[in-house]
Amino acid sequence: MSPASRYTYLGPEGTFTEAAIRTLPEAATRELIPMVSVPAALDAVRGGEAAGALVPIENSVEGGVTATIDELAAGEALMIYREVVLPISFALLVRPGTRLEEIKTVTGHPVAQPQVRRWLARHLPNVTWESAASNADGARLVQEGRYDAAFAGEFAAATYGLEALVSDIHDAENAETRFVLVGRPARPPAPTGTDKTSVVFWLTENHPGALLDLLQEYASRGVNMMRIESRPTGEGIGQYCFSVDCEGHIQDRRVADALMGLQRLSRKVRFLGSYPRADRQAPTVRAGTTDEAFSTAADWVMRCMDGRG
Amino acid sequence: MSPASRYTYLGPEGTFTEAAIRTLPEAATRELIPMVSVPAALDAVRGGEAAGALVPIENSVEGGVTATIDELAAGEALMIYREVVLPISFALLVRPGTRLEEIKTVTGHPVAQPQVRRWLARHLPNVTWESAASNADGARLVQEGRYDAAFAGEFAAATYGLEALVSDIHDAENAETRFVLVGRPARPPAPTGTDKTSVVFWLTENHPGALLDLLQEYASRGVNMMRIESRPTGEGIGQYCFSVDCEGHIQDRRVADALMGLQRLSRKVRFLGSYPRADRQAPTVRAGTTDEAFSTAADWVMRCMDGRG
Amino acid sequence: MSPASRYTYLGPEGTFTEAAIRTLPEAATRELIPMVSVPAALDAVRGGEAAGALVPIENSVEGGVTATIDELAAGEALMIYREVVLPISFALLVRPGTRLEEIKTVTGHPVAQPQVRRWLARHLPNVTWESAASNADGARLVQEGRYDAAFAGEFAAATYGLEALVSDIHDAENAETRFVLVGRPARPPAPTGTDKTSVVFWLTENHPGALLDLLQEYASRGVNMMRIESRPTGEGIGQYCFSVDCEGHIQDRRVADALMGLQRLSRKVRFLGSYPRADRQAPTVRAGTTDEAFSTAADWVMRCMDGRG
Amino acid sequence: MSPASRYTYLGPEGTFTEAAIRTLPEAATRELIPMVSVPAALDAVRGGEAAGALVPIENSVEGGVTATIDELAAGEALMIYREVVLPISFALLVRPGTRLEEIKTVTGHPVAQPQVRRWLARHLPNVTWESAASNADGARLVQEGRYDAAFAGEFAAATYGLEALVSDIHDAENAETRFVLVGRPARPPAPTGTDKTSVVFWLTENHPGALLDLLQEYASRGVNMMRIESRPTGEGIGQYCFSVDCEGHIQDRRVADALMGLQRLSRKVRFLGSYPRADRQAPTVRAGTTDEAFSTAADWVMRCMDGRG
């Protein structure tokens, strides 16, 4: 297949990220290529070897989240075109025939461990846990006989010739992971009415209130922030950039206006895309912040300039 | 003369307002008409009987200040085109030949009294003060023999056949009054680099922070407020509008942008003009708030919308 | 009578201020002394010659408002102990027997003029208006035969042997004037649940946002501002102090906390008193700003310091 | 040894976290126990089996950072008593005698990969990378002959009988990881003048500006934020708590005052400790925010309450 029909994702096969990419309508007609890391998945897009990359960005059970945020902030620009939210629950995968009482060793990604801890304490209080490089790797190590059981997505069982002894294990209710489909910069998808907009910005100065001034650019236009995360810039401890998702689309006047404010007042800002929200929840638009309110205000100022205010 | 060559002012003749209007370059070629009150002076402009009106707006020794602010906020729209700042000092006017020790009664506008109080206590501790309707009226009452002396501008002496027994009386250092030249709405004078912009706005709601939100519209664009005054709206005690002067001209992008914010977030806003500052002091323009910064930000958002951010 | 039983007020007799002072329960047992000006009324209190002074502070039809604000901000400290709100309406006072159609000249305080303008235009379109130093002075001048009629409070008729030809004249609905009873500093009256607190503060620096920072001290504690007025400090045009009334009593934790913030962040702040609101309207107290919330927060921080957070 | 002399850390042996814990003065006299995960390390402290736990909290090359933040926010309360900042650079570890040109496969923690990517592209462009569960695990797999080389801290060489073929590999300049020493709640260490204070708070409501209001509590007291991170609360995507470090010690009045504000205005706040900054950089204390300024303000309000303001 050509690069245009190729998507990369954070591998290996059998992880939650693969499950997420398979929920995309176009997945059936794409070549899906697992990559060793988030940077590798994204670099394939940057290099033109793939049209898109699906990577976890929030609350992952596979790791990779901060790598995603950092990669989107640095290097050649990329953009987010879609998000996928996947409920997370684990299966306890074993070689066919293994019984619960025979399990002495379990494995899984380190990030999975706290999410199954309470289940383990209750049902397998005496097993030994050892970490694997990914949940899928853990499954492979069970296949190879190195461990008795692995925590992984139930979908990984088939890949590694294992069976799910227990399903739907998750200590926290409503555990979810959010993934994003990333591509090279292009015109964002058209507004749907339930969109979000992602940026990353760097503060001009490190004074009390510098961050506040930038967040104010959102708040003063009634633009709700959905996520804010500080990330070290790599310029030393204490130097941060901020990764922020807000409600709305860059074609919404209140969002465009807030972004202009960010651009003026920050050291640097990178637009990471406007794209449909997975939860399709409509934003509350405050009085004075509709597109019409912005048009009316701009017209009024024009009239004032002409002495017809 | 035609209405176009007629200016009204807060009378009567012989007050500081007349002195102020005579500082205007065009005063020599205008018919200058004293009016009984600020509303009367402004109504003559509204009615087309005069091209402009000069009225005190700040720190007056003649009264009329709140009347001016209220009149500009209500009724048919007017605009400010120029400001005049006049140092204020009083002369003690007497009938020719009167000596200081003969003075038993003095008069003047009530607002003048606190400004000459310390002088009176030192030099005429035993005189009786009675109020007059204006400083000029006080001078007239001295001419008529009703009082021995009046505090007024030295320029009033000639009008009323009096002489200035003492000059340059003012308890406060740097006492000044600011006057504005008001006309019917038209295109504001071109930016000079040292301008100010006046508006009056009404809060949408009376919640803690409603005013703050509007002042934030100035501050977030680095636009310095020069004066803020709350005025009752006439809708009952506790209902206010705000009269605000800020640095800059409506053609400055940061000012236009702030005004748009005010328009969106307030119940009502009235543009009262952009005009040269009397003190010709240049504003400090903060990084990220120059016209160029606004253009760059608008261009950037446009490019983001096109996928070229 | 002794100074302790003496109240001064902004005179002369027959003005709205006299009407206001007579509404005080203790007025019957006090010697009420009209003074020539607000400063004179307040100085009598400062000098120990009177226990209190009643002066207009807001929306006056007699002038004196800015004088009151400025006097409370400067000189020896004074405090507000009570407020009186008086509905304002004018009577047209004439010498007994005068008929409406005989009136050719009217007088009144300049501030009264705009409040009766519409009435005049409808009922006496051809009369000549001349200003008087106070509404009461206007009445006196009618008594003396100098004018045909005066606008003043109806209560002034008796004093000057006049009769009210027309009553209840006021262009604006709900016209009111607020007066304050001022005394030397002492412990404020106990909280009533519907109080207000007055201060005046001076900004440390004149930068964009300096005022905002101080107003934020109110807003962040949910303390509603009721009035804000900028006043020139007398240090030159462009230098202001701010006179602010807010809901609540200094013994309310949220108010005390806000005042501490003002004290820290302003160049100077003067406490002008906590006293019952005339309108007895209870404030909305936002979650997290009750006295209990402040106590809980202080306790929590103490426990954190002890490692029991 | 007794639990009191036992410290746990995020294992296994040979990772950067072990290197960090060995920089503590008391490390020589403590039993240092590697744990399989951050939760396991912290639970040992909660359960009383260890006196402290050293875990990475920022910019880790071992993962575990968000686990640390989430663990400190949830479950039984813990506190931070110290921080350790370690410069991060990798060594390429091989079995003794291996030459660079013989290396066909390399391994390491997934988070290490982006940090050595540029080095790999230049010096070993054709090797195959496979991920390990930790850098130390990678070293063990090289020891076992499964891979030719591993990226890990140079200190890991001895543990696994390997040698460092190349040292000081790090794509980013100034790469550092910050670790914290965590214990059960107790009185924080005394202020040193260069301290930081950590909290985690939950927003009361998810409205535009809710976060802003809380950050304002820091900014309005001149308290500089050093780190802010949003973390999902586990109540579903879109629900966050905020992990914030600020300059100063809870015994600094400005910090205590800001914490009180947070406590009042947030749904919940957890104090995570005041402890010395690793960089010993003194904070800038803004005018009006010194301990003395707070005392003066409190005294002033007390005097006002007594009528001696």
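Just so it is clear, A, B, C and D label the chains in written order, and each chain counts residues from 1 on its own.
By definition in this document, a residue touches a chain if its C-beta (ideal position, glycine included) is under 8 Å from a C-beta of that chain, and two chains touch if they have at least 3 such contacts.
Not measured: the values here are computed from a predicted model.
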Open item on the list: Taking contact as defined at the start, I'd like the list of chains shared as neighbours by subunit B and subunit D.
Closed with: A, C
Open item on the list: Regarding the subunit B and subunit C pair, does the interface count as same (over half of residue numbers shared) or different (under half shared)?
Closed with: same
Task: Whole-Å gap separating subunit B and subunit C, where each centre is the average of the chain's CA atoms - done: 22
- [ ] Would you mind pulling out the distance in Å between where the CA atoms of subunit A average out and where those of subunit B do?
- [x] 57
Task: Chain centre separation (subunit A, subunit C; CA means) in Å - done: 59
Open item on the list: Using the touch definition from the top, which residues of subunit C touch two or more other chains?
Closed with: 216
Open item on the list: By the document's touch definition, which label belongs to this structure's chain graph: line, ring, star, complete, or other?
Closed with: ring
Task: Residue ranges of subunit A touching subunit B (in the complex, touch as defined) - done: 77, 79, 185-188, 204, 213, 216-217, 220, 250-251, 256, 259-261, 263-265, 270-271, 287-289, 293-294, 296-298, 300-301, 304-309
Task: Touching residues on subunit B, where the partner in the complex is subunit C - done: 36-40, 58-59, 63-67, 70-71, 85, 109-111, 113-114, 117, 129-134, 137, 172-176, 178, 206-209, 211-212, 215-216, 218-219, 222-230, 232, 234-238, 240, 279, 286
